[in-house]
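Chain IDs A, B, C, D, E and F follow the sequence of writing; residue 1 opens each chain.
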Amino acid sequence: MAEMVPQLLRQQLAELASQDKRFDGRGRWDSRDIILETDILYNAEGSAKVVLGDTIVYAGVKFDVASPYSDRPTQGSLMTGAELRPVAHRKYDPGPPSPESIELGRVVDRGIRESGCIDMESLCIVPGEKVWRVMLDLHVLSDGGNIFDACATAAIAAMRTAVVPAERFDVGEDFKLDVSSTPIMCSYRRVGGRYVYDACEQEEIGGDERIHITLGDKGHLHSLQKGLRGVLSPAEFTEILAQAGVRCAELRELVHSKEA
Amino acid sequence: MGGYGDVQLMREDGKRLDGRAVDEMREVEIKAGILPAAEGSAWVKHGLNIAVVAVYGPMEAHPRRIQRQDRAVLDVRYNMAPFSTSDRIRPGFNRRSREISKVTAEALESVVLVERFPRSKIRVEIEILAAEAGTRCVGITAASVALADAGIPMKDLLVGVASGKIDDIVVLDLDKAEDNYGQADLPMGIMPNTGEIAFLQMDGDLSPEEYELATEYNFKAAHEIHGLMKQALLDSASGGEV
Amino acid sequence: MAEMVPQLLRQQLAELASQDKRFDGRGRWDSRDIILETDILYNAEGSAKVVLGDTIVYAGVKFDVASPYSDRPTQGSLMTGAELRPVAHRKYDPGPPSPESIELGRVVDRGIRESGCIDMESLCIVPGEKVWRVMLDLHVLSDGGNIFDACATAAIAAMRTAVVPAERFDVGEDFKLDVSSTPIMCSYRRVGGRYVYDACEQEEIGGDERIHITLGDKGHLHSLQKGLRGVLSPAEFTEILAQAGVRCAELRELVHSKEA
Amino acid sequence: MGGYGDVQLMREDGKRLDGRAVDEMREVEIKAGILPAAEGSAWVKHGLNIAVVAVYGPMEAHPRRIQRQDRAVLDVRYNMAPFSTSDRIRPGFNRRSREISKVTAEALESVVLVERFPRSKIRVEIEILAAEAGTRCVGITAASVALADAGIPMKDLLVGVASGKIDDIVVLDLDKAEDNYGQADLPMGIMPNTGEIAFLQMDGDLSPEEYELATEYNFKAAHEIHGLMKQALLDSASGGEV
Amino acid sequence: MGGYGDVQLMREDGKRLDGRAVDEMREVEIKAGILPAAEGSAWVKHGLNIAVVAVYGPMEAHPRRIQRQDRAVLDVRYNMAPFSTSDRIRPGFNRRSREISKVTAEALESVVLVERFPRSKIRVEIEILAAEAGTRCVGITAASVALADAGIPMKDLLVGVASGKIDDIVVLDLDKAEDNYGQADLPMGIMPNTGEIAFLQMDGDLSPEEYELATEYNFKAAHEIHGLMKQALLDSASGGEV
Amino acid sequence: MAEMVPQLLRQQLAELASQDKRFDGRGRWDSRDIILETDILYNAEGSAKVVLGDTIVYAGVKFDVASPYSDRPTQGSLMTGAELRPVAHRKYDPGPPSPESIELGRVVDRGIRESGCIDMESLCIVPGEKVWRVMLDLHVLSDGGNIFDACATAAIAAMRTAVVPAERFDVGEDFKLDVSSTPIMCSYRRVGGRYVYDACEQEEIGGDERIHITLGDKGHLHSLQKGLRGVLSPAEFTEILAQAGVRCAELRELVHSKEA
């Protein structure tokens, strides 16, 4: 993006920060309204939509039958893709996946994968021959800021409501995908010099680095990522980690409430 | 058309498998202005199909080689989400989606008043979230509504509709089974106000007489959907949601 | 193509049309001279060349042995490719297939495929294991207008003279590809406000939308395509459909005359 | 070179399998000016090989980074049609065709008077329609004729020829079997008027002495083909056809 | 993290399989100025990992769309040589290397005084010649030294280090077996002078307390490596070699 | 590369040539210093580094088990790749392989392959089922001129010291790759009107065409390549072929001296 750095916006955000205020009037750790729906797409075996302020994303889960990796003959696999397609914002171009979309997909993937919530052994059909491959796709329709959290929330909700279509593949009866826990991502952005939660579009344009934290049911860290230019101190990290513990628990409740 | 196999698609009572009459279309639901980041947008559910369209522009046409001195170009992308079909679709353009994008762009350029915006482009992003036969038509309908929602001037709202042939009978608006096992499909983009056709494809087997009947069904349905499109645009004044 | 719309040419074509004349003196439904040759390329199992005015195209058919699709275990397959390579005109660029070339290949393919002239069951070697895959490639060497009809004519002529090279693949004796009918494409272009048949290069530059109609032996429609910007009325379509019925029959005779 | 297997390629009478003498080339047929849309063109049949070449330009060199201030660049594409070989070739450039395009362009830049056209490019499109060993040489010959047909000034008509080794004997102009089972191949681009070499590749196994003999055969054949090229250009004044 | 299988990674004497203590890092060797064609370069051997980095620039930023009016951008490529891993890697970027390139560029942009070079770019080419766990950190260390060797002003030399968890114990600097069978990995890019973090990733399972300990190990190691980096830059005045 | 032809440099090189001198003081057929090291990379089954003046290249050999080609059921295969990555010089861009890098890889490959030094039959594991595939990769880290010879020397040295990792693939015991001879490439560049050996960077910028000659143990030619714009006479070729005979023998000694 060749855009001029919006110095005016940065100044405005710095001034607001100095008064402990935010661009849209929220408190520092407040979220925008979030709406989660599940099981909404014909043809997806698991699906969810998240509306987070002006951000709208869908997650869809599909399955197919594949050969296992030779060094893990009894394990299924998970593949996560994210598309930042030009539908989502004027700023996105068509073309091969951008570094941004690759990062998005990989960070969401790691949060789920590294939490261990998917028992890959439960996805074995015939050891060494056939396993289930879970394909999770994230689709951003409107980027109004903080697409990472919107995607991660939609992703785990779609996974936790997915049904493995065994009948369609002639390998037994359909069964619910076994997702044993609920890893949740919370993202923080440096705006006006300090970290805030759930940055909106203006805060992203005039902000600095971002930190993505994925916590499991017990509050353990499963994935971290710092993105964009900027540095942080260990003390700053400790502060946002504590906040993430609180917010992740709330979002986990939201996800659980949308399971049939 | 698939056309193979011995699947009976008409019931003995003259109705189709899902109970529709031969000239009855699937249920259609339309919303305008549902994407906050876009300048115009629409959501169309047609049967089990779901299409979402965002419109951006008019903006400077680049790369330069697509620019036209006397008019705007429409930069249309028809894309099926990976989870929109029974077998997951690999992301990225394929030959089918490129062809549909091309002919859809040409159809929309026939109804948008492109002369008003020389040297510019208008981006139309058609995303199919769920596919159940007839997605190119649903995309055209949604694109028209999104263009109107963006305030782009048009001669008419272009409506995407299709008829086809199953069990040697011409029927309106094929569903998934009818598309898989039917004998012909005739998708059209119709301007109900002028009675003109801006989009036309067909495959399968139709006699000239069957073609006439299928066209007649298409025009009838286009008028119906046209009303829903106008209503959606009226409703969007009061805000909307996906 | 960023070219200025050639307004002068459009005016000239409109004036000619108002006098019921054409750029090169032809009548509205007249074709340019067409020459068809078959079986002309070493290494192609079926081949044809069409010279249509200043347009020159080749079609070549190759075969290989492939696994059938799992839902059609007894059927072979057809794959059609078209290349608008930079050899054919100053206006074509190298690079990945353009939308124009994809459209060309797919429209020609649908005309043949949807006519049902290829009995896919006749291309089965071992049910569920081995079938013939027919690979039809269209190669435009000189684009002087109306490459669609030139390609479609070359395509069906190459298919109808193709020999399946079973001996080379060790699966029995060579045999003629069974093509049970002769679908023919006729293309119409709006020039100076009205439709003409077989537009030449100048008529394409100064013209509007085009309609491609493929008719089978009994005059049934098997494929339709409208390309480019422009609209048509049902009555206009009815008129060109009647013309297509006449011309397709003539071209069908030409194709049949070049079968050994 | 393949070089494996026990295929005997020389007959007991000292002739080759197709009856040619060791220093005898396959039949060559050349036509100029056969593509209406091109500014220069040629068709060459050499044995069963068929190459068609179109030339466009000189034109402005773009993208800008290929432009040279002091001369024209040749933008050469060597392409095998999908149906030109025994096994169908997937369309699109591969490593082999990219290498041949590069060295062919460099060879042609050595004979075209490129200094006459600074900052421009000349497009040379080599299409192999049928391949029977030696296509890069046939392409060079056809490209020279097409450049001359387009009126591009050149020091000489570059001729593509090859010799090789089969059954330990140096022979001129390998055919398909000789190429598959032979021991060496030495393709050259020769300027008969100056006696210089503008294109040179070789693979297999040749002693320095065998190299000398193969080169001698190549020069002899180049003079023969040179005559056919000039005749084709004379004939094209009276029109032509593929 | 792999995390599966029953591989014991700690010995009964409290040491790790290769004899290291829990807070002991692998051997590190650093050279600066080793590539004649580059404007700055470095070679780092860390355990069995080998990374080589070349720096070019500052130069005009193109394509234009990456240009920033107020600062330089870092154009970083992290690439694993095909022979750097146990199974050969296909050349060309993959999703993993694109992500690492992106976050590495962002980390380096946080330490380079990019405001000094508006509208320019600095190319940083990280080549992994041999990989034994932790290559992204080795690449960051090498990139910092190469940038300094090129005379690019920086706030501090950024040091890449990682700690992790094996057999429920936090340890410094995972080697290959520990990476394959361990429970967590926490790579960081640390500025020892300011105590700030410019690069941060993590995967696996760490309690907040384990995270604190792993961070502490990382800072300790960063100070050690920082000394080696400074020494390498001093040594390179007297010339160097790969 | 859109660079202006450096006329001044060309004049300087022509003047030096007229006095039988070179840019860096060498004689016409002299090489720069060359350093060869082998077996230097963890994870490569064969490796070599060559430093030739300001040029630094690595070659690495990897193996895997593959199915043989159906027409050569008892033969392994060799695949050679070359990367001219942006690390090696300011002039190289990222992106897909350039024609230059493709030429480099293919010319080095032909020299080795056509010499017949690899007995492809010795790479058969199970006839018709499993064979070894040898993957040779060339990696230029610093381009200071004449990367072809540097790569070819590193390549044959890496091949001749490679060990086939049969144990890792569970197909028997590791064994040394059998390379029965030592093909060597020597490259000549026209500089100031005459050919010189081992051109440095300045001689390449201001020079013309180049000739690559690969000779086997008995002095036979196995590969030739002319690159870039320029022509040569048969007599000129005879002269450099004689020089190549001498230099190849020296480099062959160097390669042999680095075998354990």
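The criterion applied here is as follows: contacts are C-beta pairs under 8 Å (C-beta built on N, C-alpha and C of every residue); 3 or more make two chains touch, one makes a residue touch a chain.
These numbers come from a predicted model, not from an experiment.
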Touching both chain B and chain E we find A
Intersection of contact sets, chain D vs chain F, gives none
Computing the C-alpha centre of each chain, which chain sits at the greatest distance from chain E?
-> C
Interchain centroid distance [CA atoms averaged], chain B/chain C, Å | 26
So, what's the distance in Å between the C-alpha centres of chain E and chain C?
-> 57
If you average the CA atoms of chain A and of chain C, how far apart do the two points sit, in angstrom?
-> 48
Among the residues of chain D, pick out those that touch two or more other chains and give their numbers.
-> none
Residue list for chain F, restricted to those that touch at least two other chains = 97
Order of the ring members, counted from chain A so that chain E is second | A, E, F, D, C, B
In the complex, the residues of chain E that touch chain A are 1, 3-4, 64-70, 95-96, 98-99, 101-103, 106-107, 109-111, 186, 191, 194-208, 211, 215
Spell out the part of chain A that touches chain E in their complex, as residue ranges.
-> 1-2, 4-5, 72, 75, 97, 99-100, 102-103, 105-106, 110, 113-116, 209, 211, 216, 218-234, 237, 241
Interface with chain C, chain D side, in the complex: residues 35-39, 48, 50, 52-54, 56, 59, 77, 79, 81-88, 91-92, 123, 125, 127, 129-132, 241-242
Which part of chain F faces chain E closely enough to touch in the complex?
-> 41-44, 47, 49, 51, 54-56, 58, 60-62, 64, 81, 83, 85-90, 94, 96-97, 135, 137, 139, 141-144, 168
